[in-house]
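As written, the chains take the letters A, B, C and D, and residue 1 is the first residue of each chain.
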Amino acid sequence: MSPSQEDSFVIEGKLALPYQYFAGRTGSRFLIALRDEKKIQGLRCEKCDKTFVPPRSTCERCLSDISENWVELKNTGSVTGFTIVRYAEPHQPVEAPYILALIKLDGADTPIPHIVKGVPLGEMKVGMRVKAVFAETTTSTIMDIDHFGPAEP
Amino acid sequence: MASKRVAIVGTGQTYHKSRRPDVNGQELINEAVQSALQDADLGIDQIDAIVIGNMDHFEGINYVDCWSVDGSGGVMKPIIKLTTGGTTGSTLGIGGYHMVASGMFEKVLIIGWEKNSESDTTGAITTAFDAIWDRLVFAGAISGLAAEAQAYMARYGATERDGARVAVRDRKNACSNPYAQLRKEITVEEVLASPMLSDPVHLLDVCPRTDGACAVIMASEDCAEKICGVPDWIWATANRHTYSYLGDANYGRLDSMADASREIYAKVGITEPKKQIDVIELYQPYSFAGIMWIEDLGLAPHGKGAEYVWSGATDMDGELPINPSGGVIACNPIGATGLIRCAEAALQIAGRAEQRQVPDVDFALSTGFGGCFWSDVILHGKRKPEAPRK
Amino acid sequence: MDENFADVDPMVYQSRINVPYSWWAGDTASGFFIALRDEKKIMGKKCLRCGRTYVPPRKVCPLCFTENAEWVEVGDEGSLQSYTVCRRQLASLPREAPVIFGLIRLDGADTALLHYVDEIDPEQIRIGMRVKAKFADERTGGIGDIAHFRPAK
Amino acid sequence: MDRVAIIGVGMTRIEANKITDTFADMVWEAVNGALDDAGMTIEDVDNVVTTSNDFWDGRTISCMAVGDASGVRDKNVSCVEGDGAFGALYGLTRTLSGSYGTTLVTAHSKGSESVSSLITNAAFDPIYERVIGMDMISACAMQAMAYLDRTETTSEQLAAVSVKNHGNARYNPLAQLPMEITVDDVLSSEMICDPLHKLDCSPVSDGCCAIILASEERVPRYRGKPVWIEGVSFCSDSYFLGDRELSTAPSLTRAAERAFAMAGITDPGAEIDVAELYDAFTHQELMWLEAMGLCEDGKAGSRLENGEFHMDGRLPVNPSGGLLSGHPVIAAGLIRIAEIVKQLRGEAAEHQIPNARRGIAQGVNGLCGQSHCVWVLGKDD
């Protein structure tokens, strides 16, 4: 009775679960400043002397509430790590190959992951100076920074 | 009931494959459970509680603990689910340990499983990262790991050949492990010639997608020695979920592994891990981890991991064999993978690892990796620990 | 903390987790679906130790934990163990409300099969009533090969 | 059993939609509530167990969202997936194992961020059942139908549970739906799935709860008033609805028997002063009372009608308003435990049950109450 190989059934299905995510108060504030004033802000914990980007309302080290201690950061920063993504996947923000980099903005202690464009793949290196390039049309997301491009040294 | 000492008295695995169309999820789980029960010569009715885990979005089944009971044996029994991403398997091992050590359950069945072939794993992994910040930019685990390898290479001058050497070692070991999925040797040149996925990581540097399950039975000191000749005593467990945002991680170092292993060494008095530990089953989803994370385990100074691997010290005939089972590069059913490391360490301690047995093993380490650069570490020993670990 | 965010309208992101799945039915379920598709027969699996016949069939008896070796054909008629009439158009419903779900213990089976009940006025349904399977004309090997259960004459 | 106490509890308000809070914000609020309640700082916590669900949170590895807010930075941590009462049980084993002296347990979820019907449809077996489109409400309605049929309990008696719990919620400032309603209001509310009306069903809400466990020798070090864990057990029934006798809950009976035995309870109906049960639907509060032996089979409805389970009754059930008045899915079981701790400490303010000395709390996982976790808590006199 056991079926042969091509008769082993597959039930095709899809899990299409709609979600809505709340950026929360601090997240909203960051994204509105980014959208309306093209300003990138972080939240700073004085006790631990650490500025977090993306902003978090509480400091992970000492668990204190830092949600009002906004700090303005520069649009420039340096690459602390990167990779060149070459495999193609439907979920990718841009077509492969593209540069996915970790950028520590001047004034921040934690780098943010983002896309780098305008740099030949072969010349990418850790420590490179980059500058935020803002998107024409805003989507009120982190993609309001369209990508990071090379910055004058 | 005072706290109890705990030992692994039975293990079971499926023959891990890229796809298992002949069984559904519950049946896959049952295969591993039946072989673990047989290994310990126990019936399901002698099990006091069950701990199970996988990564939900890989199978799209909610409340897996409830769904699994036909296969896991949980009907009219206590069953609970633990899940922490890639470290799920080792989280389950640590969970089983605490359930038995608490004195509330004498014999606990622990199950890790995954059917990666049933979903689009990259799509499922992408949703692991913060929906507002990381997810839009990020796509899949490989690019995060590649960024780590790139940073390490920039800092210490390692090369792609160093990563390839680790892949060659593990794929060779896998040939003597009947449960492993990829049992074909490869050379450094073949690794470097394979397609580049995300600089500097090639296709043969990373783990495959696998359908597989693993089951482990842990028992308290009151009955462990009656059940199995050489129980694998759990001496200590530790883990860290150090980061939550990809940007925060310290690329080129695995802080969570360093902290967790340091806690264990301090707790049991290990000062020279290279000498005092006889074998390591390292959860290493891609080759470069094999030269970087062994530094965080204290086996080599920072930047010298590759040298230690090229010296042959971690090969089967070296001073400290790593991944006699072939490790994660040969087989990765994610929810089970951390528990497979735990089960393989137990087989090494019990001297029952057949062709992949490392001679006279007194202490073994099994680790887990996942989440946002998270690590779990479990120390296994042949000797019974003196008093319950505090 | 709140007055700081008085002017901030919270950002909400509509998103969707859209993961395609293909669940392997396995040999046992495939055997069940082939019998439905090709012979309009409903098969169960019997545990030789405790004698229970499971519909849907199970490879291993969940109670005795031994492999159910024996396929057993069960009747296409049975008694309604319980039911509900869904009046609200729930998001999970694939068809127009009202939809009637029932648990049907088929003659010869020891467990009940979850399925639709139709061709009956919702107010007439009674627990314990006899119902009969109505097979779909187009059968492709899936639980949908049984269209629904209707009152047995 | 070695003695472990709960020395700190913290909860957010239960709301339909906490739009201004992320998961981390909610957890941080509850964790700080528990730490203040216990008179502890995060450094006093030896290890953390978070409880979440990837489907409800819309995120693979959902525990990653709340790690920082639970202070896991340099600590051992683990994550349970399922109801918070199960998370607390795993936290208890970690406290009893000798590895840790204090354990922080958190549980959170947001019903507002997703569609509960689709999330619970994903709990059905993908091969045989999921495609026909049932969810938690339709499955539990089928259970209610079987229960009414077997025990002659009436829809009016079901409605009376809703009237009681929404009424109790008027005295609980954290509840989402305090309401003054009548049996007729319930029976005339929208019929969602026979026999369950809208007011027979709990909402799906946003909320978070945190508790702190401490071993006996660590308790004196903090100012949190200890409530002792006297008994706890959990058990699961079969999975397929067709394999089960839906109108009964044998797995709850077994879990309750074991928990009561651990606590040395021989006559639960008389020895228990207050109960916080998992009333996801009105018929379930009655079923759980009968399955735990807190009243005879089939009689919970009539005993409710003569007021035995009201705030001034023989055995007050859900003085907090229960799930019917606010149901953050994953946090619900942990909130039941926290409510019993408040009752036994005499800190339940307006919904306080006078001189309550021993109480029970219940968590549930799976469809139609497949897997139950029963807690017995007591106060030293």
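The definition used in the following text is that a residue touches a chain if its C-beta (ideal position, glycine included) is under 8 Å from a C-beta of that chain, and two chains touch if they have at least 3 such contacts.
The structure presented is a predicted model; accordingly, all values stated were derived computationally and were not measured.
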Name the chain whose C-alpha centroid is farthest from the C-alpha centroid of chain C. A
Determine which two chains are connected by the greatest number of contacting C-beta pairs. B-D
Separation of the C-alpha centres, chain B versus chain D, in whole Å, is 34
Whole-Å separation of chain centres (CA-atom averages), chain A against chain D: 37
Report, in whole Å, the distance between the mean C-alpha point of chain C and the mean C-alpha point of chain D. 29
Shared interface positions of chain D, touching two or more other chains: 19-20, 55, 58, 68, 73, 115, 118-120, 122, 126-127, 131, 238, 240
In chain A, the residues touching two or more other chains are 8, 10-11, 13, 15-25, 27, 31, 60, 65, 141
If I count partner chains per residue in chain B, which residues reach a count of at least 2? 21-22, 24, 57, 59-60, 69-70, 75, 123-124, 127, 130-132, 244
Looking only at which chains touch which, which shape fits best: line, ring, star, complete or other? complete
In the complex formed with chain A, which residues of chain C make contact? 1, 4-5, 8-27, 29-31, 33-34, 71, 141-142
For chain A, which residues count as touching chain C in their complex? 1-3, 7-25, 27-29, 31-32, 65, 67-68, 140-141
Within their complex, state which residues of chain B touch chain C. 19-25, 27, 30, 34, 43-44, 57, 59-60, 69-71, 73, 75, 115, 117-120, 123-124, 127, 131-132
Considering the complex alone, what residue numbers of chain D touch chain B? 1-2, 53-55, 58-61, 63-65, 67-68, 72-82, 86, 89-90, 92-99, 119-120, 122-123, 125-127, 233-240, 250-251, 254-255, 365-367, 370-371
Using the touch definition up top, name the residues of chain A that touch chain D in the complex. 11, 13, 15-25, 27, 56-58, 60-63, 65
